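Input: structures, listed below.
Two complexes are shown next, each including subunit A; its partner changes from subunit B in the first to subunit C in the second.
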Partner chain A sequence: MKQIPIHGDALVSPDKPKANLIYKNLGSKLKAFWSFFEGNPPALIGGFLLTLIMTMAVLAPVLASHDPDRRVARSHVEPSAKHFLGSTRSGRDVYSQLLFGAQKTLSVALAAGAIAVFIAIGVGVTAGYMGGRVDSYLNFLTNVFLVFPQLPLLIVLAAFLGQVSSLVITLLLGLTSWPWVARVIRSQTLSLRHKEFVISAEVMGESRWRIILVEILPNLVSIVFGGFLGTTIYAMGAEAGLGILGLGDSTEVSWGSMLYWAQTSSSLFTGAWWEMLAPAMALALTGGALALINMSIDQMSNPKLKTGKHMKLWKKLKREADQRRGLV
Partner chain B sequence: MMNELNTPVLKASGLIKDFPIGSGNKASMRALNDISFELHKGQALAIVGESGSGKSTSARILSRIFEETAGLIEYKGIKLKDFIKKFGRLEYARQVQMVFQDPFGSLNPVHTIYHHIARPLLIHKRTDKQGVEQAVYDLLELVGLSPAYETSLKYPHQLSGGQRQRVAIARAIAVEPEVILADEPISMLDVSVRLGILNLMAELKDKRGISFMYITHDIATARYFAEKTAVMYLGHMVEWGDSDAVTQTPQHPYTQLLLSAVADSARKDTVEFKANTGEIPLWGKESKGCPFVSRCHKVIEPCHQTMPAIKEISSGHFIRCYQV
Partner chain C sequence: MHYIVRQLGFYLTAFLIAISFNFMLPRLMPGDPLDALFSATQGRMDETQMAAIREMYGFMDGSIIEQYLAYLYSIISLDLGPSVLMFPVSVTQVIGQALPWTIFLALGSLIVALIIGISIGTYASYHRSGFFGQVVPPVLAFISNFPYVVTALILFYIFGVQLDILPISYTYDPDLTPGFHWDFILSVIKHAILPMGSMILVGVATWVFNMRNAMINVLGEDYITMAEAKGLSSTRVMTRYAGRNAILPVATAIAMAIGFSFAGSILTEVVFNYQGLGNVLLKGIVARDYPLIQAILLILVVAVLTANFIADLVYVWLDPRISK
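And then the complex of A and B:
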């Protein structure tokens, strides 16, 4: 029988170079990425819409026809070739405002989502993996934040401060909307923690940090991503809501502040529907795109732990094995 | 005889393990009661018993997943605690490896086979960075997973149960262990691939001198693979000795029941315990008597009172029963 060589030196170096291995891995990652969209209309539509919206936001300086902050037209000009989406009561170009507003609104929402998810990962994975006392403390903290009325808090705070800048809104939303994501992550970590592959890594002598980061976390990708999209949608809605109530900074151009101005100028009553409809539609479309992607995440790259076909196969084989052993 | 042959690699004496039950910390159940056994170099000890008899708990205590409540474990002739103090926990983790029952659960679904075998090599510094790749391929070849390069790129769900179990074995032998604790390594596999896995383990045992603790509920495979067999029931060892003696001339009523179940289901592929299940009691600290009393057809009065003492019925064949 062959002995395992402990040092590779005596051997001819492998005929397949390492670069090939990395390339193949990349290839299979790309394939996994594509298979997420393949035969998955919600993901395709949502992904397409989101890409479009993001591109337009990023390219706002190029695509905008006017300076969003300046008076460039008469009050309430109808949509035309010069002003694609008309003008506001104060003579700003709605189309240009929509593009620049997308930058602000999306960055608030995405940043808040990212902050929330980072906290949620930290709290959820730690609680689920450590268990015991650490878990009960973190669980308590999570519950406190969960019952914490964040929107009323924001309103009170905004009323107190006058108007709050988008940075403050980002931080507040990020710091308060992590609990439900943390809960989902915690319970999933808890179940992963007792899986044999985690136990066997422990028995093998793998360090705690590597177990959390390399063995457990990659199994949570779809949950983390879903949580991120969920919080982002929520943050976008909250930002717009605060804007409508006039609690955001109305001098910044965002979809929320656009709604605020449209409302204070009674644009709908005066027949200037475009001033209200443009930001409202933009919000609805973006929210819809995010929700569509979120919906299709269940079938994403790691189906073995979730409801995909591999789970069904696993269950079937386990059932058969149990039957053979006379346990069922 | 040489001293090395006499000193067991791993020796457990009087192991007891209590688990708390329910949320209150008062109540507990005794999963292991007075368990003693030895693992010798290049030999296998089979632990046989129904589900819930404490087989996995024994292995998990040896691999330090659980701490024993009482009892003594000696590794290579010194107390395990002292060995770990002297050589470190990591060294013990290298020398005593575990193979799990569920080949679907013991490999991480998000990592390639390469990762699973390279990690132990790196954790225990078995090879330098350049050597890892070749060592992984060699190990895969060794356990019969060729072409190794292609296999190494696959994810666990792309392999069959038998192939996964081979990966788990490759992972265990990657670090050149002294002992492998195999917890029902074939019970979840297709019948057709079971023998292949057993033969692979037998080869490692015979040619590399690895000691095995082979946990199974299938007493037929115990005789095929292991030199010694211990039969466990409800956390107790009821009969143990040379596998031939235990399986050919079983003396304990429980061992006889296990073997008759094999005979009954000879046409089927595994043992059906269910049909013979009497009421299995919960064993606690205060429980007394013989654990098998509720299902035994030979019960006499003392069976209810105290656990029968150990009797050596023939050389190297031990039993705990009043009626033998």
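And then the complex of A and C:
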């Protein structure tokens, strides 16, 4: 029987070394990766900031100048060469705390985002694909979660549990912040469900699982990723909020607990701005960077939103066309 | 009409779920919230006194269903027992004093952010290849995604501490007697600028982006091209033709934003020591005043549900098609 080549790989002549192909694939992957950033200053700035923050968090043990949990200076020492960002009232090095705090805060936010997105995919895709009664139950559940003020709910839960560890905060955040992502995923699944490729897969007798995993999910990637980033930003803000209210575990070093200690030592009034502004600026830059990337993902999934270079290209083509027609 | 009735049914169900959750919460948590209260008195209370207090807070004997019905009754009759924090004063009274300020902060900032955001979004999308359209949205996206507390703290530091031009504590000058006179109103506005400003800064980008996305869809329509071809001024096309039709999908997002706005208000109040529910909530948490904490959660749920229902009514008014 004659073999029909389906994939492009099969067309590559066999005498070419395989490694070359991998290089080529890697090259095109990198190119696709780069095209996301090319001519897109917001994505570049966001990506750069995020890479920087992530690197600092991962390399915290190397980069830190002092032990974040130990008293290493006098109270409220000003920023200097020895203590880049000064010291807290209890004599901890703010710079080192910032680095280790990044680890805790980012892992809480990212994990909460991941949990929320997993629940959202489960609820959203099931509701959108199954339809009928399942959909109306799940939709009701989503709407109920959506109208409840989530942060007050979290605050009350945390208050009942006493000072909660970052693990509990992660779980609480993940379990309460999924509904808006679920809603977007549901409506997108609903519209995909009636597309020809899904119907043809159904007619061919593919199993439900295969249709959901292979036909539908890959088309939701940009929405899922956007939802993940959005939830991560929200979770980071909520962690900081719970922290400053004193509901987090104030013995753990995180940006939230740093805010708490800076607030209780009223550092802004005593002139020790560095204790408060260092974690505040770190939170601000991380949130902003994530938002810029999120915005660029939106533009990728909906090219109509694009501005800048692409508009210039369109204008150039229009001008040329006008010239050909003798309009200009 | 059918739509409104259905929404009303949904909100009532949601409210019932919130009440049930509130009822379950202290019964599911490890330990008894009242134990904390009793341990503070260090055994100076005898059994009958403790039983009386227990009953006052709704922890009465009887089956769980009887307890639940009694709890429902106490909520409907607005009798939520006394506050632990400010003892003889009732929870209802404490909340009654703080709630108007929170509503003022949450809804006021939401409305201002809506107006500013929709204006910027309309302009930025209509002129999206220009400087404004390219620079303002990403800058706003960056700033607006600072966590609520961080924006509040930065404004607090710049305007309240460094420049020292705006008050950073209380809802109005404590020397003034509240009333409907000019000094008082001016003082309230002055005290609201920073907390409201920080919430607007956080909220505005949502509307810019919602409006921009809606506008860009509308701008592709034929009637826009037609309006431009007729030679109408670009302002008229932007506002009357495109903007007006783009507002509709934006309005659906308002309902969701209300909850966020109330949550933001809670955090902002703590930073600016604004005498709203957030501040009372924080004091309640520190004093372990569980009846007060729960009542605040409940009243926030009611406020958000009511605001959502009003948003639904506005939506029906904007788009009569959905009520059919």
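Structural remarks
Heads up, the rule we're going with is that the second predicted complex is superposed on the first by the 270 of 328 C-alpha atoms of A that agree within 3 Å, B and C clash if a C-alpha of one lies under 4 Å from a C-alpha of the other, contacts with A are read in each partner's own complex, and residues count from 1 in each chain.
To be clear about the criterion, a residue touches a chain if its C-beta (ideal position, glycine included) is under 8 Å from a C-beta of that chain, and two chains touch if they have at least 3 such contacts.
If you're wondering where the values come from, they're calculated on a predicted model, not measured in any experiment.
In the superposition on chain A, A:215 contacts subunit B only, with no contact to subunit C.
In the superposition on chain A, contact of A:53 is made with neither subunit B nor subunit C. By the touch criterion defined above, A:199 reaches subunit B but does not reach subunit C.
Looking at the shared chain after the overlay, A:160 reaches subunit C, while subunit B stays out of its contact range. After overlaying the two complexes on the shared chain, residue contacts for A:190 are found with neither subunit B nor subunit C.
Shared contact residues of subunit A, touching subunit B in one structure and subunit C in the other: 302, 304-305.
Interface residues of subunit B, counted against subunit A in their complex, comprise 51, 63-65, 89-90, 93-94, 97-98, 100-102, 104-112, 114, 119-120, 123-124, 126-128, 130-135, 137-139, 141-142, 149, 153, 156-157, 161, 168, 171, 173-176, 187-188, 191, 203, 207-208, 217, 269-275. Interface residues of subunit A facing subunit C in the complex, by the touch rule stated above, are 41-42, 140, 143-144, 146-153, 155-157, 159-161, 180, 233, 236-238, 240-241, 244-247, 259, 268-269, 273, 276-277, 280-281, 283-284, 287-292, 294-295, 302, 304-305, 307-308, 311-312, 315.
For subunit A in complex with subunit B, the residues that touch the partner chain are 1-2, 4-9, 11, 13-14, 16, 18, 21, 24-25, 28, 195-197, 199-206, 214-215, 218-219, 221, 302, 304-305, 310, 314, 317-318, 321, 324-327. Contact residues of subunit C toward subunit A in the complex are 10-11, 13-14, 17-18, 25-26, 29, 33, 128-129, 133-134, 137-138, 141-151, 153-154, 156-157, 161, 205, 209, 212-213, 216-217, 220, 255-256, 259, 262-263, 266-267, 270-271, 281-282, 284-286, 290, 293-294, 296-297, 300-301, 304-305, 308.
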